[in-house]
Amino acid sequence: MTFEVTTTHYLVLSFLLFTIGVFGIVARKNMITVLMSIELVLNSVNLNLIAFSYQLSDLTGQIFAVFTITVAAGEAAVGLGILIALYRLRETTTLDRAVELKG
Amino acid sequence: MPSAAEYQLLAPEILLAAAGLLLLLGGAIGRGMGNRESALVSIVSLALTAGLVLRVQSVIPGRMLVLGGSFVLDGFSFFWKLLVLMATALVVLLSVRFLDEGNYRASEYYALLLLATSGMLFMASGYTLLTIWISLETMALASYILAGYFKRERRSNEAALKYFILGALSSGILLYGISLLYGATGTVQLAGLSEGLRNAQGNPLVPLGWLMLAAGLFFKVAAVPFHIWTPDVYVGAPTPVTAWLAVASKAASFAILLRIFYEGLGSVKVEWQAVVAVVAAVTMIWGNIAALTQQNVKRMLAYSSIAHAGYVLIGVLAVSQVGLWSVIFYLLAYSFITLGAFGTVILLERKEYAGETIADYAGLARRSPFLAAMMLLFMLALTGIPPTGGFVGKFYLFAAAVEGGWGWVAVIGVLTSAISLYYYFGIVLNMYLRDSDQTTPTPLHAPALVGAIAFCAFATLALGILPGPFIDFAKNSLLPLP
Amino acid sequence: MRELLWVLPVLPFVGALLNGFVLRHRVGKKAVAWIACGVVGLAAVLGLLVIADFLGSPEHAANKPFEQDLYVWVPSGPLATVHDGVKSFTVDMGFLLDPLSAVILFVVTFVGFWIHVYSVGYMAHEDGFQRYFTYLNLFMGAMLLLVLGNNYLVMFVGWEGVGLCSYLLIGYYYKEEFPPYAGRKAFITNRVGDFGFVLGLFALVSTFGTLKYTELFPRIAADPSLLTGAGHLGLTLAGFIALCLFIGAMGKSAQIPLYVWLPDAMAGPTPVSALIHAATMVTAGVYMVVRSNVIYQLAPSIAMFVAVIGALTAIFAATIGLAQNDIKKVLAYSTVSQLGYMFLAAGLGAYTAAIFHLMTHAFFKALLFLGSGSVIHAMGGEQDMRKMGGLKKHLPATYKTFVIGSMAIAGVPGLAGFFSKDEILHAAAAGGHWTLYTVGLITALLTAFYMFRAVNLTFHGEFRGTHEQEHHLHESPPSMTVPLWILAVGAVVSGFVGLPVEEWNVFRRFLHPVVYAVAGRTTEEHAASVFFNVALIAIAVTIALVGIGLAMRLYGGARGLAADEAWERRMPAVRLLFANKYYVDELYDATVIRGTWGLARALFRFDAAFIDGLLVHGARNLTLVSSMISGLFDKYVVDGLVNLTAAVLGLFSRLFRRLQTGYVGSYALVLAVGMFALVAVYMLLERG
Amino acid sequence: MDFLTAHGADVLFYLFALLALAGAMGVVSMRNPMYGAISLLLTFLAVAALFLLRGAEFVGIVQIFVYGGGIMVLFLFVIMLVNLHRLPEIKLFGGQSPFAAVLAVLLLAFFGWFFLQVKFGPSLTRPEVFVTARGETLGNSQAVAWGLYTQQLLPFEIASVFLLIAMVGAVVLGRKQ
Amino acid sequence: MFDWVHNVPILSIVCYVPLAGALIVMFAMKSGQEAAIRKFATGVVFVDFLISLPLWFAFDRGGDLFQFRESAPWIDSIGVRYEFGIDGIALLLVLLTTLLGFISFLSSWSAIHTREKEYYVFLLLLQTGMLGVFMAMDFFLFYVFWEVMLVPMYFLIGIWGGPRKLYAAIKFFLYTLVGSVLMLLGILALYFYNAGGLLGWQGLGNPATFFIPQFHEIGASIPLDLQVWIFLAFFVGFAIKVPMFPFHTWLPDAHVEAPTAGSVILAGVLLKMGTYGFVRFSLPILPDATLKLLPWMAALSLIGILYGALVAMAQKDMKKLVAYSSVSHLGFVMLGLFALNGPGINGGVLQMINHGLSTGALFLLVGIIYERRHTRMIADYGGLSSEMPLYATAFLIITLSSIGLPTLNGFVGEFTILVGAFHRVWWWGLLAAIGIVLGAAYMLWMYQRVFFGPLTNSENKGLPDLNGREILYLAPLILLCFWIGLYPRPFFRVLEKPVQYVMEKVDHTYATAVAAAPSAVPAPAAAAGE
C-alpha cells in the first residue's frame, strides 16, 4: 500500500466506515444513533462505488451511488417515522425497552 | 434508448402502482374509502394486473431483455408475478376482517400492499443488480411500514423497528457485496456479471462480493443465521401482514435469489452450492428444532417458515431442472398452505396474544369441525404427508437432492421433516384429542376469510392429488441452468 | 375293506364333534355315553376288519405296508435338498397300515374301547360328563392319527393332539388349583420334547425333502451312506436325527429327565390315567423309535444311549415306586419304569420285544389303573393306601383282577408280563450287555416287590380308613367290573403270541417286515443255546417270586404299615429320598423354571428401562425439558428413548430460544457474525 | 511545497479520510445524539469531498445536498421532537458491544487481508471526464444524466415508487390519530 | 362365473368403497344418529368384503404374476402412474384386510360410545389406505397410501385410546414416519438409478418410472454398495412397521392404548405391511444386499422371537402380552422370509395371514372381556370357563392356533418357516424352535390363570357369555384357522407363483438349481392344482 492513493485506499477506508457503522448498529442502544450508523454503512458503500467507477472509468457506479443516496433518504424517513411511533408508545428511543417479543 | 413500445411491457407493474396511488387518493378524499371498498379495489386491480401479466406473457416469445437489459421477461418471471399477485389477493381477503378489529386507515394499508407488490413484480423481472436491489428496497420499505401498521400496539411497533433496523443492516451488507462485485467485473447486469466473474477468477473481491450479496438474500428468505428477525417480526406484525411476509415476500426473495445465483453467479456455481448446502442444512435443523417448544402458534409458524426456507434451499443448491421446478412447485404449494394456516390463526385471534397459543386450539374439532379439518389438512401438508401439495413438493425437493448428489442434505431434510410432525401435531392434538374449556375462543364470523381458507385447502389437496398440470406449469417457468 | 383305513381316525373325531359342538348340552348322559363308546367300538371293530383284510392282502404278502394318501396337505414349496437337488417339499395327509401300526391299532382301539365303557360308570356322577367324553374321543382320534400316519408330520399331528388331550384331561377338574397346573406342566414338558422331535424332522426334510416313511426307510436301508455323513453337534446325520427324535420320545414317554410330568398327570380322572398315561399315549415314544428303527440302526451310539436312559429310568422310577403311598402314584412310577424297560429293549435293537412289552403292558397296566380306579371309586376318592386295607372282602372282583394284573407285571410265569420282560432281558443278555441286564433284573425284583406291597396295603389286613368310608364300601357297577375282567383276560393270554421259543414266536415273525435289514448291519437275531435261554428264564422267574415273597413277608396278612415304619426308622434318609422322588421336581423348579422366569422379568425390565429408556437418568436430569415436551403429549409419560430424544431436541430448542433475546442489538450482532461465518465457511470449503 | 503540488490530491485524500473516520467514530461514541448528528454531518461532507477527488462531481454535490441538507435536517428535527436530553441514556452500549468490538476487529483483519491482496491496474481515464455510451465526452453531470435516463431509466422509475412509499410510510407512522 | 370381475376396475372399487362411505358419513350424516352411522359404516365394509371375495375365485393361479391390472397416467412429468394390481401375496392380504375390517367394525359397536361419527370416518379411511398399500404397483402410489394410513390410525389411538393415548398415538406416528421418510429416500435412489443415475452411480438410462416390476427387472444390476444403502433405507421403514427387535417399543404402547378395533387392525394388517414390504421390495429388488445382510436380518429376527416371547411371559396385562407375542410371531415371519427358500417364504407369507387371524381374534377376545369387566389384568380373572364356556372354548382354540398346534393354522406356518430356516442355517431352526416352546408356555399360562382354577373374584360371577354378534365375528376367524390348519393347499397354490418369482429374483443359486433340475419344479401342488 503506497503513499500514492489507489483504489485500495478507498476500499480500506470504506470498509473502515462500514465496520464502524456495523459496530454502531450492533452496539448502540439509542435508536437515533443506530439510524445514523446505518447511514454510515450506506456511505461506505457509496465510497466503494465511486472508487470503482473511477477505477473502471464506468458511470454505472456513480449512478448506483445516486440511487443509494435516494434509498438512504427514504430509509431515514421511514426509520424516523418508526422511531416517532416508538417514542409515542414508550416515551423512549432506547431499543432495549422494546423486548416484548423474544424466545 | 428504450422505445415507447418497450414500456408497454411494464403495463402490469404500472397498473399496480397506479392502483396504489388511486387508493391513496381515495383514502385522502373526504371521509376516505372504507375498508371493504379499498379491499375490493385492490382485489380487482390485482386481478387486472394478473390478466395483464398473462397478456404480456402471451406476446413474449420465450425470453426477452428490454429497457437496456435491465428488465427481463421470461416464464420464470411470469410465474413469480402470478404467484405473488395471487398471494397478495388472498392476503387482502385475510386482511378485511382483521382491519375491522383495530381501527386503522384501511386505504393506505392496501395502497402500501399494492405498491410493495409492484416492487415484487419488478424484482421478479429485474435483470441488473441495481434494478433488483431498488425494487427489493421498495418491497422491504413497504413491509417495514406494514409490520408496524398497527402502530398503537407495542408488539406491532416493536416488530417494525426490529425488522427495519435489521433489514437496513442486511441491505447494507447486500449492497456492499454488490459494490464489490461491481468493482470486480465493472457491471451490474447479470449476464455481464456472470461473464465478468468467469474472467475475474482469483480476484479476492469476487468471493467477498457474492458472499455478502448472498448474506443479504438469505436475510430476505429467512435462512439461518439470518433468520433471527423472523420470529419476532412474524409474531409482532398484524397477522395478515405476517402471512404476506411469509408467502409473498419470501417468494419474491426466492425469485431474485434464484435469478442472481443462477444467472448472475452461474460461473461460481460450484462454490456457492457448497455454502448453500451448509446453510440449508443448518436452517432445516435450527428451524424445526426451535419450533418444537413454541407455545404461540404464530411464532411456531414463523419457525416452520424458516425450516421451509431450508427445504427450498435444497432445491436451489441442486442446480438442475428437477431442482428448479421443485422449488417453484414447492413455493406454490407452500404459499397456499401457509396462507390457509395463517387464515385459521386470524379466525381465532383476539387482542393481546389471546387465541394465539396452542392451548387455545383445544377441542376446536368439536366447536367447528370444518375449520379444524382445514387446519388439520394444512398441518399435514406442512409436515409433508400425502395426499397434500406439501408432500409432493417435498418429494420433488428430496428427489432433486438425491439426484444431484446431495444425499446427506436430503437425509437431514427427511429426518427434520419427521421431527416437524412433533409440533405441527401439537396443534392437531389439541384440536382433536383435547377437550375445550370456556376460555378457548370461538372462531370469528368472516365469510370472505373462510372462503379464502377453503380455497387454500382445496388448492393444497389439488396440488397433492393432481400435481401434473401444476408441474407442467412450473416446467414452463424455468431459468437457463448455469 | 382296508381302503376304509382313513375312517378309523375320523370316527372318534366325529364323536367328539357330536358331543362337543353339535349336541352340546342337548342330550342326556346316556346318549353321550352311547355316542362316545359307539364310535370307539365301531373303530375297534372296523380296525379288526381292516387288519384282517390287510393280512390277506397282496401288499402284506409282499412285506409291503398298505398306504393311502387322502390329499396334499402342506405343499410348502421348492427346497434345494442335500441329495436330490431342488425338489418341492410336500406333505400328504396320508395313512399307512403295516404290522407295527396294526398291533398298536388293535391295542389302542381294544383297550380304549373298554376304558370308555369303564368311564361311563366311573364318571357317572361328574357334571362335565359330556366334556369328558368329548376329550376322550378327541384323544382316540389323535392317537389313531399318530399310529396310522404314513409320514412323520401326520404322526406329529397325532403326537401334539394326544398331548393336547392329555393337557385337557389332566386339567379336567379345572376348578381345583392343582390339576390345571399339572396339565400345563405336562404340555410344556412335552413341548420341550417336541422341540427335539421337530428338529429331527427338519434334518430329515433338508436331507431328503420328504417325511414319508416309505420314501425314507427303504432308501436309507438300501444306502446307509446317505445318513452316515457328518451332521450337527459332531454327530453323524443319522446320530443327530436319532438323538432329536429320541428327545421327543423322552418327553412323550416320560424318560429321564423329562418324566416329571407323568406322576403329576395322575391328577386327572383314573380312566384317563389308564388310557393315556399307561396304555397308549405314553408308549407313543416307543412306537416312534421302533418306527424309525432304520435310523437308530445307523446310529449305534445313540441307540446305546437310548438303552442306557431306558435302564436308568426303569430302576430309578422303580425305587421311587417303593416309597409311594398314593396308589395311583405307585402305578404311575411303575409305568415310567416299564416304559424305561421298553426303551431299554428298543435301544438294544430288540424292537419287536419293545413292542411286545408295549402291548402286554397296555393290558395289565390299564387293568391295574382301572382296578385302582374301582378302589378309589369305592373309597369315595381316597387314594392313600395307608387309609385302605382289607378291601378284599368288599371288592372281590376288583381284588381278583388287580392281583392278576400285579402278577402279570411282576412277571409270574404264564402271564403276559413274564414273556415280554423275559424277551427284553434275553436281548440284553444275548447282546452281552450284562450291566443293563442286571439293572433290568433288579428292576424286575423291585417291580414285583412294590406291586405286591400295594396289593397288600390295599386289599389285605384290616381296614384303616374312617367309618363312613367303610360304610360306603361297595363293589363297582358291572360297567366297570366287566372291562376289568376283559382286560384281565388280556393280561393273561396276550403273552402267548410271543413264546420264548423262536419257532413259536408268532409276534416276532409278524413284526419282522417292520424292522429293516440295513445293508451291512447285523439284525437283532442272536443265535443262543437252549440252555442259555432256560437259564435266563429261571433267573427271571426266581427274581419275580423273590420279590413277591418279600412283599408278602413284609406287608402280608395283618402287618399293615409296620414295614414302612420300620424302614422309616432304619434308613430315614433313603426313604425320604425315594418318597420325595429324589427331589427332581424341586431341582427343576429351582433351575429351569425359575431361571426362565428370572430371564423373562429381567428382559422386561430391560425393555422398560433400557431399550425404551436409554439413559433414563439423562432424561431425568433434563426434567424441565422433558416435562415441557411431555406437556405436549402426556404429563406422566416415562418413556426414556423418546423422552431422551425429545429431551435433547428440547434442550437445543430452548438453547435456540435463548439466542432469541429480543434485543435488536444482539440480533444485529448475529447477522454480522453470520456474514463473517459465511465467509469462514466458504474459506473452509474452498480453500481447504 | 513541491511535494504538495505533486501529491496534493493524495494529501487531501488522507485529510478527508481522517475527517470521515473521526466523524464516524463520533457518531458511534457520542452520548448526546445531537453531537452525534454533527459528527455524522462531518463524515458526510468529508465523504463528499472524497467523491470529488474521484471525479464524481455530480454525486459529490448530491451527497452534500441530500445528506447535508435533507437527511441531516430530518435527524435534527426528530432529535428536537423527542428532546432526548430529558431522558439521557443510562448506558451507551448494549451488553453485546464487547462481542461487537471483537467482531469489528475480526472483520477488519479478515476483509482487510483480502482487500490488500487486490491488484488494481492504473486507473483507466483522466479523472475529469468520462465517456458515455455514445462515445462523445461530456461533463460528469451530463454523463450521469445520460446514463440515468437511458439504461438506468427503469430503476429510476422504481425509485419513484420507492419514494412514494417512503412518503406514505412517514405520514402513516408519524401522523397522530 | 366371475369373468365380470375382469371387466370392471375391481381393485379400485374395493379400495375406494370405504373412502366413499367415509365421505358420505362425513357430509351426509348428522352426529345425532349414531346407530344409523354405525349400521351404515359396517354395511359399507361388509359390502366391500363381499366385493373383494370374487377376487379369490377369479384370480388365475397359473396366470400372470400381477392380475386385475389397472393402469392410468397420473404425473407424467416424473413417470408416476396410477398402477393397481395384485399377485397371490397381495391377494391374500387384501382379503385379510377386508375381512378383518368388517370384523373390527362389528366389534366396535359396543366398544365405542364417544364421537362415533369421527370414529367410523377414520376407520373407513384407514381401510382405504391399507387396501391401497397392498394394491399399488407404483412405488409413488404405494408410498402415498403408506403414509395416508398413518393419520387415521393416529386418531384412532389418540381419541379412543386408553389413559396414555396421546403419548402412544404420537409415538406410533413418529416412529413410523421416521421410518417411512427414510424409505422415501431409498425409493428415490432406485428411481434415479433406473433412470438417469444419481450421486456417484452411473444410471441405466431407462425411461423414468416408479413401476415396481421395472425395479424388479433392474434389481440384480444395481451395484452392491448402492443396494446396501437402499436396503438399509428400506429396512428402517419396514422394520419399524414389522416391528423388528430394536424398533419394537412403539408396539406395546400402541396396542395397549388403542381401542379393540384399532389393535385388531394394527396387529392384523398394519404390521403385515412391514413384512410385505420386505418380500415385495427388499428381497427381489436388492438380492445382493439381502444376501450380504442375511446374518443380521436373521439375528434380529431370532432375537425378536425369543425376546418377544420372554417379555410376553412377564406381562400382567393381557393386551400387552398379546402385543409382545406379536413381536415374537413377526420374528418368525421375518426369519421365514429371510430363509430365502420355498418353505421359508411360503411359510412366512402364510404366517402373516395366520398371525392376522389368530392375533386379531385374540385382541377381539380380550376386548370382549374388557367390555364386560373393564380390566385387562390377568390377575383379576380366573375360573372364567365355568361362567363363560363358549368364550373359553373360543379362546382356547385361538390360543392353540397361536402356539402352533397341528390342525390349526399356526402350525402350518411355523412348521414350514422352521423347515426353511433350518435348511438355511440349521441353528436358526434350533433357536426359533425354542421360541415355540416359550410360546406355548406363556399363552397356556395366561389361559390357565384366566379360565381355570376357582372363581375367586366375585365380580366375575355371572358374566354373560358370548352374544350373537360376538359369535358372528369370531366364527369366521375360527373357521379360517381350521381351514388353513387342515387344508392350506389353496393358499399355497395362490402363493406358488409369486414366491417362486421372489426366489428366482433373490437367490441366484436357486435359479441355477432350477435350471439344472427343471423337473423338480413346479411343485406337485401345481400339477394337482386343477
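Labels A, B, C, D and E are assigned to the chains in the order they are written; within every chain, residues are numbered from 1.
Following the convention adopted for this analysis, a contact is a pair of C-beta atoms (placed from the backbone, for glycine too) under 8 Å apart; a residue touches a chain by one contact, two chains touch by 3 or more.
Fair warning: this is a prediction, and the values are worked out from it, not measured in the lab.
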What are the mutual neighbours of subunit A and subunit D in this structure?
B, C
What chains touch subunit C and also subunit D?
A, B
Which chain is most central here if centres come from C-alpha coordinates alone?
E
Relative to subunit A, which chain has the most distant C-alpha mean position?
C
Is the C-beta contact count larger for C-E or for B-E?
C-E
In terms of mean CA position, the chain most removed from subunit D is C
Whole-Å distance, C-alpha centre of subunit D to that of subunit E, is 73
Distance between the centres, which are taken as Cα means, of subunit C and subunit A, whole angstrom
95
Centroid spacing, where centroids are CA-atom means, of subunit B and subunit C in whole angstrom
77
Using CA atom averages as chain centres, what separation in Å is found between subunit A and subunit E?
66
Would you pick out the residues of subunit A that each touch at least 2 other chains?
7, 11, 21-22, 25-29, 34, 51, 55-56, 60, 63, 67, 71, 74-75, 78, 81-83, 85, 95-96, 98-103
Touching two or more other chains - residue numbers and ranges from subunit D
94, 96-97, 100, 103, 107, 111, 115, 118, 152, 155, 159, 162, 165-166, 169, 172-173
Of all the residues in subunit E, which ones touch at least 2 other chains?
166, 170, 174
All touching chain pairs, where touch follows the definition stated at the start:
A-B, A-C, A-D, B-C, B-D, B-E, C-D, C-E
Would you pull the subunit A residues touching subunit D in the complex into a rising list?
1, 3-13, 15-17, 19-24, 26-30, 32-33, 35-37, 39-40, 43, 46-47, 50-51, 53-57, 59-60, 62-63, 65-67, 69-78, 80-85, 87, 91-96
Applying the document's contact rule, which stretches of subunit C touch subunit B when the two form their complex?
628-629, 632-633, 646, 649-650, 652-654, 656-657, 659-660, 662, 664, 667-668, 670-675, 677-679, 681-682, 685-686
Subunit B to subunit D touching residues, read off their complex
1-2, 10, 17, 20-21, 24, 67-71, 105, 108, 111-112, 115-116, 118-119, 122, 128, 130-131, 134-135, 137-138, 141-142, 144-145, 148-149, 151-152, 160, 203-205, 208
Using the touch rule from the top, collect the residues of subunit B that touch subunit C in their complex.
161-162, 165-166, 169-170, 173, 207-208, 211-212, 214-215, 218-219, 225-226, 228-229, 231-232, 271, 274-275, 278-279, 286, 289-293, 419, 422-423, 426, 429
Touch list for subunit B against partner subunit A, complex:
130, 133-134, 137, 141, 144-145, 148, 151-152, 154-155, 157-162, 164-165, 168-169, 171-172, 175-176, 178-180, 182-183, 186-188, 231-232, 235-236, 294, 299
